[in-house]
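Pasting the structures here.
Heads up, the next two complexes both have subunit A, just with different partners, subunit B and then subunit C.
And then the complex of A and B:
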């Protein structure tokens, strides 16, 4: 019976996939060639890399909301209550040494990615992910302690980058459009927004790991100690 | 040569996606998910989309993988006897 249900499911899903493929094949060609539009307006965008131009200028509103979604995710996590941090595994000498070697390079790479976003692949999200990974690595190597749940610094950093973006968007409203940069200042504004976003996103992503309630910190230390005692 | 590499990559992607879903051990599924993310990074790079490849490597494979590993460790800490990896 279970086998029959499984095969029926596979059959139904194959039918759905086939129908979707047929529908995609039958779509008319796009009426607007977006790549051409982007290339034509690249000079006015303030950056020379088309992906960054789309993300931060032509569709800046989408990026703005994406950052807001991440902050809401973190708010949801904080509201739901944080689980006790899992034991961080065995203490060996390799991991802290590796972390000490890798983290400066990761910070350097993140800065490069942020700077490179203006003219080649890179940008705030990638730089923030590398920074957050560095923070997680420090945490796993037990160099960086978890942030207490009520720590003010991480919260200010997360809100700051987002509020900077919001302030620039609001200031540009007097020009008659949300996030419609004046072409002469567009490059500067984009670098400013991206720098703020890098900090905000990096702390936000790292906070998914590091923001733990301080009362449960005792538990993690006890449980790792207990694990260490096992033969 | 390139075609052979692309075919191999596509096969490996499909295989790792299937193994990720089909494997009964949750820890192994997470590792396979990270492998899938890294293969997907290669696929995006082959498709000349370095921006998406960077994002996939850093966020898709790296951070999501680490978050999932964290979640598995938390589940294991809560129920130490239902550890699936020994079976």
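And then the complex of A and C:
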């Protein structure tokens, strides 16, 4: 019976794949050329790279809500708590040395990515990903402590980038539209938002990994686990 | 067949492969990975279809960039919940709806009897 259900599922999935491929093959060309629209309005966006222009100007509210989603996910993780990690015990002498060499270069690369985002591929997200990777590397090399449970700094950094974005969005509401930048200040505002976002996203992404090994969280979890077991 | 269309077709296959994983795999970790595969397939379809006539379109690319970050956040949250589930019940998969209650109760009484 189980085997039959399995085969039927595989059969249905094959059918779905075929239907999707047929749908793609028969798709008419798009009625609106968005690429042309973007290219036409690029001069007014404040940046010269089309993807950055879409991310932070034309569809800025998507990016804004995305940062909010990240913070909500982090809140969910903080609320759920994590068990303490198993002791690793295997400490490699190469790793801390390599991390000490690599992390300054990663910070440099992140800064470059942030700056380059205005006119070539790059931007806040890529820069934040590199910074977060640096934090993870430091943690794996046991140079950086796990997520500091009661420290204000990381929380302020995460909230700061989002609040900066929110403040700019709220201030721009007087222009009569959400995130409608005045063209002459657009470049400056985008750089300001991107810098705030880089710090906020980097700490947020790093927290996704570092929260994995917060021992205090583990204690919380163990106590709630005991409570949950009471009949 | 333009490169964009090849990307879109690959994305479709990845999506179906991921969907199969979500439906057929039992272990939570594998299901989360399979769900990520579905997401990657959808991203590939979005980007590939938009440039099937040869010129890249920045709008879907920006949307996919947003989507990737949201997918990372969702995966992190899912992993946290999976670990929490594992810590509470000792299980790495979700029981079927029918026998979830009885199995869980059995496991909990088992746990209560063992000294910690």
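Here is the rule we go by: the second predicted complex is superposed on the first by the 198 of 231 C-alpha atoms of A that agree within 3 Å, B and C clash if a C-alpha of one lies under 4 Å from a C-alpha of the other, contacts with A are read in each partner's own complex, and residues count from 1 in each chain.
We take it that a residue touches a chain if its C-beta (ideal position, glycine included) is under 8 Å from a C-beta of that chain, and two chains touch if they have at least 3 such contacts.
It should be emphasised that the depicted structure is a prediction, and the values quoted were computed from it without experimental measurement.
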Put subunit B and subunit C onto subunit A via the superposition and say whether they clash or fit.
fit
With both complexes overlaid on chain A, does A:22 touch subunit B (first), subunit C (second), both or neither?
neither
Quick check on the superposed pair: does A:122 touch subunit B, subunit C, both, or neither? Answer first, second, both or neither.
first
Return first, second, both or neither, reflecting whether A:51 touches subunit B, subunit C, both chains, or no partner chain.
both
Between subunit B (first) and subunit C (second), which, if any, makes contact with A:113: first, second, both or neither?
first
Quick one: is A:174 in contact with subunit B, with subunit C, with both, or with neither? Answer first, second, both or neither.
neither
Name the chain, either subunit B or subunit C, that contacts more residues of subunit A.
C
Given the touch rule stated above, what does A:1 touch, subunit B (first), subunit C (second), both, or neither?
neither
Counting only touches as set out at the top, which of subunit B and subunit C does A:10 meet: first, second, both, neither?
second
Looking at the overlay, what does A:130 touch: subunit B (first), subunit C (second), both, or neither?
first
Determine the nearest approach in Å between the Cα atoms of subunit B and those of subunit C after overlaying the two structures.
6
Residues on subunit A lying within both footprints (that of subunit B and that of subunit C):
51, 83, 125, 205, 208-209
Which part of subunit B faces subunit A closely enough to touch in the complex?
50-51, 53-55, 58-59, 62-63, 66-67, 70, 73-74, 76-77
Residue positions on subunit A within touch of subunit B in the complex are 51, 83-87, 113, 121-123, 125-126, 129-130, 132-133, 136, 205, 208-209, 223
So in the complex, which bits of subunit C are touching subunit A?
5, 8-9, 12-13, 15-16, 19-20, 23-24, 45, 49-50, 53, 55-63, 65-66, 69-70, 72-74, 76-77, 80-81, 83-84, 86-88, 108, 111-112
Can you list the subunit A residues touching subunit C in their complex?
6, 9-10, 13-14, 16-17, 20-21, 24-25, 27, 29-30, 34-35, 38, 50-51, 53-55, 58-59, 62-63, 66, 69-70, 72-74, 76-77, 80-83, 125, 201, 205, 208-209, 211, 221, 225, 228-229
